[in-house]
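Here's the structure, in structure tokens; my notes come after.
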């Protein structure tokens, strides 16, 4: 129980639930003033303010609609999830859904940003497959999952007079060990996208989202015909300990010039100071929300977790000088009660090589207050 | 029961309900490349993503607020309904409402887009009276209805330094036959609008809404003092069969140049392949949502309907070369369970005469997935 | 009971509530055509259309999220409240909250716009401290309250490459008399804001919000280092009678030029024609919603209130010719049932001296329909 509204019909065939997530950030930036590039501005921000309504209709049909109210302008405000699905098949764990939702790609993207170990995802999020309008079939079983989808464009894109781009994506995972407090998760994923003559850009802030300054940035890559992104992921849990690592590589095919390849990876680990463990679900093969064993109040102190991450991304290839960035992040998470989370992240940009922010080795202190219901 | 949230106080005098509608479209366009005008881009789109909250207060007062979250920018995102009403009168069927809601005009506009027979309304929707802030009184009885309202401007318009436009609209219907599975509906409506020196524009896509290209378009008509739009409507139901037709004509009065007249009409018919019928309500005198007799699952296949429509619109008069367009549409609707709908529409543009898209006889394949709760 | 949705867990430790407020305005302007400045346009408007979700988590934690759907563009649409709080302290009345909410400043700003005596706040609302992202501690007891907060920037501002501004604000009130139908309220407040090199502007419409024309306006004041705004407030209730007055003064410190001082005040009084009284709460030290003793229907006529206000604001100092405006407002409020309100305000601009609207003594008729649930 973490708040929110839920109702169920007497026979259980109809359910409706309303909930949301609220994330408030503040950040302080320390910089070497002799470095290239622009300066970072301290500040506060509503990082996400999402509400959703989801439900079950006639037992076998389910839907979700979620909207993000944060941000100014249409850049970030907008529909995140809008889909309808069916799981009334005889085949165990099979479901089909259609609508706008996340492509099945990248473990850290499958994990809700409510439940990531750090305030921001690792820098390879530059290669995110993100969300598109499409159709996906998936099978989720206790020891393995597989998902395959075909996708059109984003929810907010209109066709205009050119045809929209399209994509194809799949992800498969194997969990030889999957018990409470004990997990071995391995996964592979691929995502192909035809741009139909469009442009592509990869860029990333140093795992912060207040100042809006991208430290690595390929700029707009024109004439990209299509690109294929591959990912390999591993995750482990043993009681208080958890570990997670991913490698992503993208290859861009261009019509008139040479092809390009960019890549990156991260590895992170967490340790609960309290008697807690990072919970996992085979539905979508991902981590879910920490619920403290001993909630704050009446002698309880909630759940406390220390976490460490190393991440690297390389956006340099051929004539493209997008820069390479290596970061290390130290995180502290406090979960006083189910639904609430307070996080402090210290990010040290170890090195930026190339690009417009060459040598800008900033350090960042970032706080988040978050409640989900 | 189709999901959504509803609560009622013990005495039934207070109710609150939350619900919504989600419509996801995709379209493929075939074109004669030798035609004039721009090309149509295939694509996908969130057509509508609306949530509402409505309720009853102290038994006699009722209100509704609905917002559309779809689209980019303020063009389509925005408040649809926001009004409060009172129906505690002694006179049967009388209610008064104030706020932003649809002018009482055009049968196909009164029918919720959830419940229209085709994915898009017929091309005379170019003459829609749409919604405005106003006050309306209406009487809804089983065999007749009448509504009359006075209206200001749209919800999203500010006065600035000029006074806003205003309008007056009324609609009356007569239903000599109105039983379940058996309907004869006749109606007349008029809508007058004073523009206060503003400009007016009529335009329409070929009954599709992905590419955003208007095939007929008067352009901005300046110096329009006021315009009067008249409509005649007829609808029939006999068990599995339904029919619906409307004629609309608008006359624009201009200060310094000659007056203009545009018009159009459509006729459509539907036939359920299953033992279903199109349901109708005298409240607002319109069709409502199809609920399949035999829901999908456990041997049921839901409701299946075939539909055919011919539509024409003429935006040419005097010096205005807005074009004339004739379309025929073949539709297939599947309602697996109450609240869900999947539709396929094939639209053949029979002829475009005049305007910027002269002779652009496209054909269009359009799919919609829709769920309302 | 005024509608809306509320659920509670069996032990009462978890609650969730959904509600909103809807305000629809229309205004007619009368003007002396010989005056300077632009003309005012009559019109209608959705003044506010807000929905909120709020709740209690694990008994001691509480949160709120509210969004305003009215207006075009991001100017007015946006997050109003987004915060989480804790009140599980042993100290009576103590609570702490973090997020985006109103600075503790100005009685008429603390009172929800649902519950203000007139449709628009008095002209000193030009000095509003408004909402910011921050942390605030407050103690609310029956006979006194105090609140102190430190604030960053607005919810919708990003840091960019400059650090954001910040502020510090406090408000204390003393209520020697605080019973139902009997109140003496005295308060003092201060609000300091560092702009970090930003610009500041004070401007105000003549207590109307349809035409969007500001009658007094300092223009953009550049080079403002910081400003300190002080307020003194008093409120009284004796059965059907209520009174309220405030004085606000702001001092701007500028780096390179001389400092500036602007100020203003208002006094207002209300008289219920029916057996009703203006209710007050020590939580936030403010008036709350009128609930009619005898609701409309079954012989009841609801609550009727007459109100009168005088307000003045002076935005002239040194070289700044922002103008001075004196208004008097006559108001009539009808509360047919709890949650509903209809108001008519007649505003007479007594004098505008200086500024771009010198001598533009307009009179304004303004209606509002409002429902909150």
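Letters A, B and C mark the chains as written, and numbering starts fresh at 1 in each.
We adopt the following convention: a contact is a pair of C-beta atoms (placed from the backbone, for glycine too) under 8 Å apart; a residue touches a chain by one contact, two chains touch by 3 or more.
What you are looking at is a predicted structure, and each value in this text was computed from that prediction instead of being measured.
Asks: Please report how far chain A has to rotate so that its Cα atoms sit on those of chain C, a copy of the same sequence, as a value between 0 and 180° in steps of 5.
Replies: With C-alpha atoms aligned, the rotation comes to 120 degrees.
Asks: Interface overlap for chain A and chain B, more than half of numbers shared or less than half: same or different?
Replies: Different; most numbers are used by only one of chain A and chain B.
Asks: When the centre of a chain is set as the mean of its C-alpha atoms, what distance in Å lies between chain A and chain B?
Replies: Chain A and chain B have C-alpha centres separated by 39 Å.
Asks: Could you say which residues in chain A touch two or more other chains, in rising order?
Replies: Residue numbers touching two or more other chains: 5, 18.
Asks: Sort out for me which residues of chain C touch chain B in the complex.
Replies: It comes out as residues 1-5, 18, 20, 22, 24, 26-27, 38-46, 49, 51, 69-73, 210-213, 295-297, 336-340, 369, 371, 373.
Asks: Can you tell me which positions in chain B touch chain C when the two form their complex?
Replies: 5, 7, 9, 14-16, 18, 53, 55-61, 63, 65, 67, 74, 78-79, 82, 84, 88, 98-100, 133-134, 152-153, 155-164
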